[in-house]
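Two complexes are shown next, each including subunit A; its partner changes from subunit B in the first to subunit C in the second.
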Partner chain A sequence: MYGSILSYGQYRYLKQAAALVLIALLLYLSSSPGEAPNGGTWQGYTLGGISAALILFLLWFGIRKRQYHCTETTLFRWVSAHVYLGISLPVVVTLHCGFQFGWNVHTLAYGLMVFVVLSGFYGLYAYLVYPEALTANRCGISRREMITTIARLDDTCLALAENLGAEAHHKVLREVVETRLGGTLWQQIIMGASLPVLPLFQWKFAGNFVASEQAGLNVKDQSAEYFLRRYLQESQNKVEIQRVVELLKVLNERQFMVSRVQRDIRYHAFMKCWLLLHVPISCALLAAVMVHVISVFFYW
Partner chain B sequence: MKNPVCSVAIVGGGPAGLSAAIRAAETGLSHVLLEAESHLSNTIHRFQKGKYVMSEPVKLPLRSSLAFEAGSRESILDAWTSEAVRLEVNVRRNSPVKSIAGEDTGNFSVELADGTTVSAANVILALGLQGQPNKLGVKGEDLGFVDYHLDDPDDFNNKVVVVIGAGDSAIETALALAEQNRVIIVNRRDGFHRAAAGNRNAMLEAIADDRLECFYNSVPRFIEEQDGRARLVLEASGETSEILCDRIIARLGARHPRAFLESCGITFSGDETTALPMLNSQYQSTVQGLYVIGSLAGYPLIKQALNQGYEVIEQIRGKPVSPVEEELLLDKFTGVPGFATVDEILTKVGGMGPIFGSIDALPLRAILLESRILSPAPGTAIFCHGDYSDSFYSILCGEILIQLRENEPELIVRLNASEFFGDTELISGRRRTLTAIAGENCILIETPRLAIKKLSASNQTVAETLEIAAVERSLRWHLIPGLTENDFKTLEDRVTCHNYETGEILFQEQAYGDSIFFLRSGAVTVTQTMDGREVPYRLVTAGDYVGGWGALAVSVRRATACAQAVTSTVEIPGEDFRWLVQQYPELLRNVHSNILTHHVGKTEAAQQNGEVISFLMEQGLGEATDVLLIDESICIRCDNCEKACANTHSGTSRLNREAGPTFASVHVPTSCRHCVQPHCMNDCPPNAIHRASSGEVFIQDTCIGCGNCVQNCPYGVIHLTSDKDENKPSLWARLLFGFDEAAVGGTGSGCHKKAVKCDMCKDLSGGPACVSACPTGAAFRGNPKDILVELKEEASCTDQY
Partner chain C sequence: MRCLIETVRRGQIPEARDLDTDCLSLGRGADQDIRVQSRLAGLNHAVIEQEKNGDLRIRAIAPNHILFNGRKLSEAVLTPGDEFSISSVSLTVMEAPETYDLRLEIKEQTGRQNKELEDALWASINADSERSIFSMRRTAWTLSLAILLLFLLMPLAGFVYKPLGIWLRTLPVVSDLSWNSGTISAAHSFFAADCNRCHEQAFVPVRNSVCTDCHKDTPHHVAEEFRESIATLESNRCSSCHKEHNGSHSPALIRHDESLCTSCHKNIKSIAPDSKLADVSDFGDGHPEFQATIATFADDKSQPVRIPLEQKDRLQERTNIEFSHAAHLNKQGVKNADSVNVQLECADCHQPEPGGKYMAKLDFESQCHGCHKLNFDADDPKLELPHGDDRRIQTFLDGYYADRAMKDDYRLLATPPVDRERHRPGEALPPLEHLERKEWVSKYVHNVDSEVMRFRVCGKCHTVSLNQEGNEESSQESNQETSLESSQGDDTQQFWKVEPLAFSAHKFPKADFNHDRHKTQECTDCHDAEKSEHSEDVLLKGIASCRECHTGAAGAENKVASTCIDCHGFHISQNLTMDGKKIKVPPKAGTISGIESPPAGNNVSPRSAVP
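Presenting the complex of A and B:
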């Protein structure tokens, strides 16, 4: 109803951030022709002041987010400002330092700032992409309902497998018992996912790490589905065939639901994981900036 | 066997009866207290163990000899029982009363179930409202395995328990027991239609999750003992089945004590289920010497019952005291000339007109106690157009000016002493559509919505008076402001009133229909058929009308109108409507403007939009005034909305983001909709639920935690909890160490649980915290009508592409 983070207030903060960048550029270009732009000129100090103010404003978001009684302005508005001013920060800081880098605390602060902004870019991407993907994956049902469905299908599978002998029952039971949903953040992200981002390794995950295509085949050999398909080929009994087909159908339905829950968990993890870096490194950035400022004034 | 005559027989050992017996014992009055159960105060005894019992209303002084302070169920029961022992109250336990004969003081025969008779000069009925539980009516119904109530679910562990019944109490019993037992519920029907929506959903969910087993369409045949356990034989869907179990708990409702009271000769104020026994100001019924007190007399709170027990004994002793409430009543009228005594107040107010004139002294006193007396300065606005107040006002003296249109101050109706106003919104539950301004020397009685609704439900004269006024005001004040009295007289007998249940059709598309429907209350969706599907495109609420096109064009209906909440209408025949638009051209302009505004093209976007509207209507938005929606396509599931809610409401979130249905990325979370006619308000003993002038329905601190509102809310948005602010981590602890605000909780034992629900953060100037704390703008709160208009505009934009 309000539009997206980016389009808030008819791109109000995009315009403000663009104006800020323009001012910074003008300041940078106004440096004396004979002197290389750097943080020590009056333009450099001004840009440094703007950068420090921007960093403090961006960090204040963490406090503002938790000031729940402040309902006069929406957090949505703050996020929009946070995004655009955060994007403008590397430009202003780079102009402040005049492209001068070295192995020192000043460049450390710069590096941390870049890292925080890059992680923020990922966060923005996650916030713009995953909510819709998550909603589409849910199809109007909650995760709890999906898990309840899996539990129901587990019972149905086991009941059907019971009629097909001990080995079939054992295979299905193993599949049911070994199904993992959630876990550590890393498990939440990789569980049940094909990772095209790691094409070199061609890893596939089916509950446990399997490091090679060969190992993947071994897992398949042990899977209930593989066993049942073999069973289907060998069996001559019509009633048994019907039971196996029915069981395969339920197993497929179950696997589909398990994949949906794993996707749901993964999307949630994608939306959360970046904050684990973004927030602590922001704090480190604050510390580095303080050291930078103090040392600059100490040696002034 | 006949006992000697005693001065007073008290039937029922609850707070009212026990208070009377204690006072009788204290003063040496010969008495007998007849209690059906083996213990006193059965209702409190049945409360959950450790339940905190409130002592509302705080401002009402306690007059009883029985001490009462808010405390745990156990402490109250212990104190009362030891007081009864100390004063040697003459109690006969296990003595249910079968009948009471005798029609005059000094001549009552109280027959007990065991055949014995007690003779008494006076009888006090303090039975409460629970009545006698209905029994199974099969062989074995009284075996030791069979109970008709559940004291404490923790008494059962790893047992097989059969619960028989399908109402709220059966469901609550079954769900409570299912936590640590195998529970089988036996339902005579094929569903749980009688139960409140919250309970019904919880039960269906428990059955779906296999936490409970259910026998539908099943009737118990007999119960017998088998190897120390109970064997229940029942007929389930035509086949005989049997269940071997440890306990059978039948929750089949109770016989309301009204029939018993009528058999004693007591007259009721009407035939409605809400009608009360007719009593004088000293609680004496239409049978002299027969008194009715406590919840049976319409006073559900413990303190009221205790006071009444004391006062009736004093009356019987010949030392009458004026009821303690009368002092509060006199306080209300302080400074109003001519209202110095209670008699003066009751006589003058009783002579005010058809509303108060038709009420007996006792209910009149009760209603005045709930009312406020206002003396506004001339020119003061009592309420303004757009306000969200639903009080009912009666003019004690002076004049009130009703401004019919916000932008036409000269269009005024004058009301004088004995007339009333504010009734329209009482019925519709929506914002004020008029402005009321005080005239010279104006004194008003402001009566809360619930009190006047109760009154109209139990008093036919009041109901008829309000109905007649509502029809006239619908036409003359709302539909056609300025309609002359003569024109109204012409119409009066031609218009008809209708009531529709949710889902009922007012008129069908393509059917011939030559009339318009003015909505007095409720809401109606207008739908058109597009490609064989019903597509809603407009929500019409109270104060507006539908059917204008059909009535003007004298043609078939262009659309279908379907009630989305309980709706009442005034139907004006097409012929009269066409005559009206000729007489009042502004009405014609209004109809034309309505047709143009709400015309909708039969486009794909309109169809998709219609599907979303249908979904929202299914979620009860038709009866909502303000609803929280979440756009899941941009919601990042951070739960900041819940955290904001918990932080601004003593640590407990009133909203459950995850719960609730979703359609086309529109999610309706479990959060209060601030209904037009709030279901939660219907049965609140301390009258703790109110609507603020800006529309928020909220629960006051005077809540006693009875849970009635939790049961009555069809959307499951109210829960009982206790404050937990004291354990809240500091901002820095949350920020640096990740301690977080829990969402819903406060379940610690011994806590004073109260009902909590969304109050739309009425005390925060910036509006609801859930909306302002949403980082992506996904949370949105608004009036359903506005939301529908916005959806329609979005659909129109889509069409343009």
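Presenting the complex of A and C:
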């Protein structure tokens, strides 16, 4: 389904964007050899006009995607056009400026445009890759269902731990209450991610074992699982051993579910994080383009 | 520590308990003083103890601490009115009755235990992201407004209030310098920081008067003769051709491209129907044969005419000199005055003038005299006639032969020889003899003058004509056989005259040829001197020889890409400056003479023609 963002209408917008780039190139090449190509020639003004129209069109997508009642054209079509015309934009703008860059507001606008397009490239990658990963991770159940399951498992854990004494209950309760599924965007991305190089870093951001870290202890030694395994080794009571085994089983099941939720959240974060820059920098780009246009004609 | 614990449950009658303990324990465990019925409560969740100073301190033991007055704390001092909660159970510290140290009111939430756990999980997903300092909307507004403020409003304020603008330019970013679309050319860089030197009014293109304020003495870009035919050029804005902000040495400021010229000259009749110029599109394949400006015999007068090099039959220059390049460049050599054989080369006579652009004018003393002596009398072989002023020759001969007459040489020279009469020293000549000597001198000088002028000395190289004083018409020796005898009889003042040299110093006054830049070439690559036997020959090979090395702007393999401006100047006015004043000393162009200075004007190089 997501692949059809690119192939929509038999690559209609790819063709249109390619045609646009071709026109821009022809315009650029038609500039008089005596004049350094720049935004001030008639070709430059034309390319500038096309660029400004493209930017407005691409920005309009932000408004259009929020017009849920609008049914004239599908949002899908808009995304396809947004992607291809967005890719053509840096080419047209570069030809508009004639490869002239400097420390000025014009190049600021250019830099913002490049940043927005690059972040858009990441967004395209994310939208092509993560939805599939999300579906695979969920295995047909919703996040709400997963959380309900975790809550049920939490309840079971705590009930089992109550019978194993205060310390065991304390460890399990800590495991339960310190479980963080979300948090800031950075935490969403880092949590549950398999980062073998930075395990401590990962745990720290996951909010686990902070106290024990402060005490200078090995964080793993403070986990409920570690405690219970040791408990298992030391205990002689058959009933207790059975309870501990049961508890470990539930904890394991719970950890598996927590990881799945965290992965779910992480994939969503991957699909969302680029927008946090893409959208505000797009707005900044609009402001910079306004300044660019006004300043150019102000000092004509 | 005596405590009053009041428990409020929904739909039930509140119950109160009285406890007296040192350490009030709260938790899920059965042994706790206050049992908290919540899954998220620790077995021993917290304790309340009275400190020595009487303060009541609550200390959390469980990892999820307590939510004390909305803040998650591990311990706190209790005062009446404080509220804290352990999971879903909330406790309020009430004003304790006199006999009690602590009065707590407990409200227990009823409902599913799982719901509580689930809520906590949802909270862990959303809580922090909602508190996130990063908001897309806020960032977008902040960035956009910052850009508008720094790059638009502040420079605008500086434009409206000039002192502010000048101050802003000393700061980074915020001035109108941030609007600078490109580096100013090196020529204008000294006022690059003062935008308003050119950009005077908002939204008004830079006016021509801004340019002519400084460039008032620059020759006007439209020569007077073209002002009507190319009125559009005159009405153009300076900046439509001279583009700024394209780099310190950008070609856009002074255009060198072909289209600068070919936009009109490709089809010149469409701009100027009366123009006699040929259409030009490209040097490689769209340029007519060169026209040389040469002195001709037209109307029996030496005058400059432009003749295409392809019209060989018309290409005869009246130079008033007899000279054979072929003879001088003879491979066998030529004999000099001492009858020694010497091999001459071009450079023996033709040397560049300082700067090397043009060849220096030829000079008899340096170039010719070494071989061509001006001796005229066999009795006095060392004595030579003066060069450069034909009127002085007769005077010189008069003096010389008068002297010889006085020395009685005339008797020997006269035909038939006259007998010598003797006189006492200091005695005046008898009138008859005086007259005789005078007549001899006159006749002898006339003969010698005629001989040296016509045949032997001057006439060997120069065109000589008989001139009658008061009579403007002169008869050329080369055209008619004027006999010496015919002029001997009458008394009218007749004398032989050397015609002034009349070749054009610069055959291509409309082009800007530079010999120095072509010194890698042989002279004969362009000038066919070795085959030229007459001075009338115009020694220029034409456009084909140029095209052996040069081609149009598009370039070609092993050829120099050349645009119009590489050879031609813009049609700058010779007489007017930019502000319409007359130029005091208009430069001459295309003059006919062997000694004139190189023509300027139409030949102005593009570098000197810029404003």
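By definition in this document, the second predicted complex is superposed on the first by the 266 of 300 C-alpha atoms of A that agree within 3 Å, B and C clash if a C-alpha of one lies under 4 Å from a C-alpha of the other, contacts with A are read in each partner's own complex, and residues count from 1 in each chain.
One rule holds in what follows: a contact is a pair of C-beta atoms (placed from the backbone, for glycine too) under 8 Å apart; a residue touches a chain by one contact, two chains touch by 3 or more.
Just so it is clear, the model here is predicted, and its values are computed rather than measured.
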Notebook entry, point to check: So which one touches more of the residues on subunit A, subunit B or subunit C?
Noted result: C
Next item on the list: Determine, under the contact definition given at the top, whether A:Leu47 touches first (subunit B), second (subunit C), both, or neither.
Entry: neither
Notebook entry, point to check: Counting only touches as set out at the top, which of subunit B and subunit C does A:Gly102 meet: first, second, both, neither?
Noted result: second
Next item on the list: Would you check which partner chain A:Thr148 touches, where first means subunit B only, second means subunit C only, and both and neither mean what they say?
Entry: both
Note to self: According to the stated criteria, A:Ala284 is in contact with first (subunit B), second (subunit C), both, or neither; which is it?
What the structure shows: second
Check: Taking the superposition as given, does A:Leu251 touch the first partner, subunit B, the second, subunit C, both, or neither?
Finding: neither
Note to self: Contact-wise, after the overlay, does A:Val79 reach subunit B, subunit C, both or neither (first, second, both, neither)?
What the structure shows: first
Next item on the list: Pick one for A:Ser295: touches subunit B only (first), subunit C only (second), both, or neither.
Entry: second
Notebook entry, point to check: Which partner does A:Glu132 contact after superposing on A: first (subunit B), second (subunit C), both, neither?
Noted result: first
Notebook entry, point to check: Thinking of the overlay built on chain A, is A:Leu164 touched by subunit B (first), by subunit C (second), by both, or by neither?
Noted result: neither
Next item on the list: Using the superposition on A, tell me which residues of subunit A are in contact with subunit B and, in the other complex, with subunit C.
Entry: 148
Next item on the list: Give every residue of subunit B touching subunit A within the complex, in rising order.
Entry: 208-209, 629, 631-638, 640, 643-644, 647-648, 658-659, 661-663, 665, 731, 734-735, 761, 764-769, 771-778, 780, 790
Item checked: subunit C partner contacts - residues on subunit A that touch it in the complex -> 32-36, 38-40, 100, 102-106, 108, 147-148, 150-152, 154-155, 158-159, 162, 166, 169-170, 173-174, 176-185, 187-188, 211, 265, 275-276, 279-284, 286-288, 290-291, 294-300
Note to self: Applying the document's contact rule, which stretches of subunit A touch subunit B when the two form their complex?
What the structure shows: 1-5, 8, 62-63, 65-66, 68-76, 78-79, 126-127, 130-132, 134-135, 138, 140, 142-144, 148, 268, 271
Note to self: If we count contacts the way the header does, which residues on subunit C are in touch with subunit A in the complex?
What the structure shows: 28-29, 39-40, 42-44, 61-64, 113-115, 117-118, 120-122, 124-129, 132, 134, 136, 139-141, 143-145, 147-148, 151-152, 155-156, 159, 176-183, 195, 199, 202-206, 243, 245-247, 250-252, 255-260, 553
